[in-house]
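Letters are used for the chains, namely A, B and C, taken in the order the chains are written, and counting of residues starts over at 1 for each.
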Amino acid sequence: MTTPVLRIENLSKRYGSRAVLTGASFSVNKGDLKILIGPSGAGKSTLLQCINFLVQPDEGRIWLDGEEVRPGHRRALCTYRQKVGMIFQDFNLFDHLNALENVRIGLVRVKGIARDEAGERAVRELTRVGLRDHLQKYPAQLSGGQKQRVSIARALAMDPKVMLLDEPTSALDPELIGEVHSVIREMGQGGMTMIMATHQIGFARSLASEIIFMEDGRIVEQGAPDRIFCHAENARTREFCSKITELYGETR
Amino acid sequence: MEEWLYISTEVYPALLKGFWVSLALIVPSALFGIAIGIVLGVLRVYGSRPVMAAADGFVALFRGIPLVVQLFVWYFGLPYLKIYLNPFTAAVLGFSLCGGAYHSEYIRGALLSIKRGQMLAAQSLGFSTTRMIVSIVLPQALRRALPGCGNELIYLIKYSSLAYMITCVELTGQGKILASNSFRYTEIFLIIGACYLVMTSAAGVLLGRLEGRLRLPGFEQYRG
Amino acid sequence: MPESLNAVIDALPYLLAGSAVTLIVVVGAMCLGLCLGVPLAVGQLYGQPAIRRAIGVYVWFFRGIPLLVLLFLFYFGLCTALDINLSAFTVAIIVLGLISSAYQSQIFRGAILSLPEGQLKAARALGMSDRRAIASIILPQALRLSVPGWSNEYSIILKDSAVAYALGVPEIMARAHFVATRTYQQLPLYLAAGVIFLVLTYLGTKGLRVLEEKVRIPGYSPQGG
């Protein structure tokens, strides 16, 4: 059996007396696309942010490529985060940098790559997400879909082993969702390991290698998409799936 | 022992005297300043065109010229026109006019932030323009202007020390005299500094409390 | 009236030489205030509790005491007590700079706080250390947002610099007073000094507006977007 790319065990987080994440455990193999579904407030976003310690989990352990992450060690944490790409719901592009600079800054400032070389790499990544013609534009001059594609290019340029996507299309107008989805689909075909939270059930079902259903900060059920959507064991999962299928139309 | 004697017989009485002079400068200057600020602010928003321009010019002038220069004009300059003011009067005049110009900025901004519907409603009830400004607009605008004007009052406390430069012996002046006589500049000016810190901090607390008391539920204080 | 006009014209070169002194004091103080204000703001926001408290006291101290008192304290008091030989000119720059650092730190603090939280998160997610993220992502944005605040700060320091006259720094006000007491043309000379300050305020704020335009991020408005 191969070592999973990422393994998390018993990840928990509480704010005061409110538990937002309780005992989340799973592992992701190379090339997997795990999709987190569940109602708003289920803890999907917290789980993703805990995985790269943007939110400090109260307990739990994480292994990347079989090596345990030591979040207390600052240098080690920064190295770990380079290997884990993060895509935010609201893009979080650096507002003072244009598209090219947004992708380049991590290469220059974090990886210490020479500016020219980093620039070339940034152009390649932006070309890959279809933004060759928008290199010099600032975030405020880009559409939501373009911003999200820049942020994907920014994460990809760091050569991550795994990508975390936190509802990457939920801040987008419906007509812009497609362009981001196609970039994500290409990433998946290229063999990228991904964990993504989304409400786009059709997209999830067509692409996911596994679905994780969360509610109230707990992982309720995980399994292959067809099993979760058609033969879920847990009543809550079935209820959620039928409700969301009703809301968003056909699942396929 | 000697130290204590010096402090209790020389420093304390002199500073107390100076403190009262400072207070006598600050309180009327603050009141006149706010009054001037309200009048100017209203004129700059609701005045006729020439009045507006005149008020704007007045404010630009008094905000653009250093307070020290203004004080010198009132005290050392006016005798040139055969007008003689004593240092205290010249200082209060200078602080009030300059402060008024600054207050008017905040009041003007606050007046402009009042929603048009408020005035339409007042007019539809038959309010005259003056009545409307006094009973509807100003009570809202002054609340919004309070943080800015409060800051200006704290500045006034500090700038009141400049009265010393036109020979009005207030707290700083008393300190300068004490220090020059005893050569204890560091100690004396640290004590003076502490007095001002107490005054500015107390003013800050009082203004914060006033803001809290005047706060209306849901009325955004810091907008506009 | 021609007599007073003559007095002003005669004194003009002398007064303008004073405005050079004034400008050096102002620019020096603003630079000192900037160099101290940035680390103060960063420390107050991201530092340990003890550092935050210390910076809070520093800001409270320099914002709560009149300039004149601080000038006297530093020039007549501390310089003598510690046996440091500094000119009135240098002390004026230092004191104005220290006061300005307290105010500027609050300008930067406000600017940093107005940035969306996601900026820091995204930088961390790329693997940047906090120090790196602050230097490369937070400060470049915050400094841009601070330019209007500087414009205000410039006009305040410019006017406050006239108080340095109390130490005998040969700036505009000191020179105007010097000529006035010799020619007995007080009012015209003080008004001339006032006009020079007005012009300097105008030119400075204009220059800073050009800077603001130059560093503006296309399409970006600080209110959001």
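The rule is simple: a residue touches a chain if its C-beta (ideal position, glycine included) is under 8 Å from a C-beta of that chain, and two chains touch if they have at least 3 such contacts.
Values in this document were obtained by computation on a predicted structure and should not be read as measured data.
Trainee: On the document's contact criterion, could you list the chains that touch chain A and likewise touch chain C?
Mentor: Per touch definition, common to chain A and chain C: zero chains.
Trainee: Determine the chain that sits nearest the middle of the structure, using the mean of its CA atoms as its centre.
Mentor: C
Trainee: Cα centroid separation between chain A and chain C, in whole Å?
Mentor: That gives a centre separation of 46 Å.
Trainee: At what distance in angstrom does the C-alpha mean of chain B lie from that of chain A?
Mentor: Distance between chain centres, rounded to whole Å: 56 Å.
Trainee: Cα centroid separation between chain B and chain C, in whole Å?
Mentor: Chain centres of chain B and chain C, defined by C-alpha means, are spaced 21 Å apart.
Trainee: Which bits of chain B are touching chain C when the two form their complex?
Mentor: 61, 64-70, 72-73, 76-81, 158-162, 164-165, 172, 175-176, 179, 185-190, 192-193, 196-197, 200-201
Trainee: What residues of chain C sit close enough to touch chain B in their complex?
Mentor: 60-61, 63-70, 72-73, 76-78, 80-81, 155, 158-163, 165-166, 173, 176-177, 180, 184-188, 190-191, 193-194, 197-198, 201-202
Trainee: In the complex of these two chains, what residues of chain A are touching chain C?
Mentor: Going through chain A, the ones touching chain C are 49, 52, 54, 74-75, 78-86, 88, 90-96, 105-106, 109-110, 137-141, 151, 154-155, 158.
Trainee: Touching chain A in the complex: which residues of chain C?
Mentor: For this pair, the touching residues of chain C are 115-116, 118-119, 121-129, 132, 136-137, 140-141, 144, 217-221, 225.
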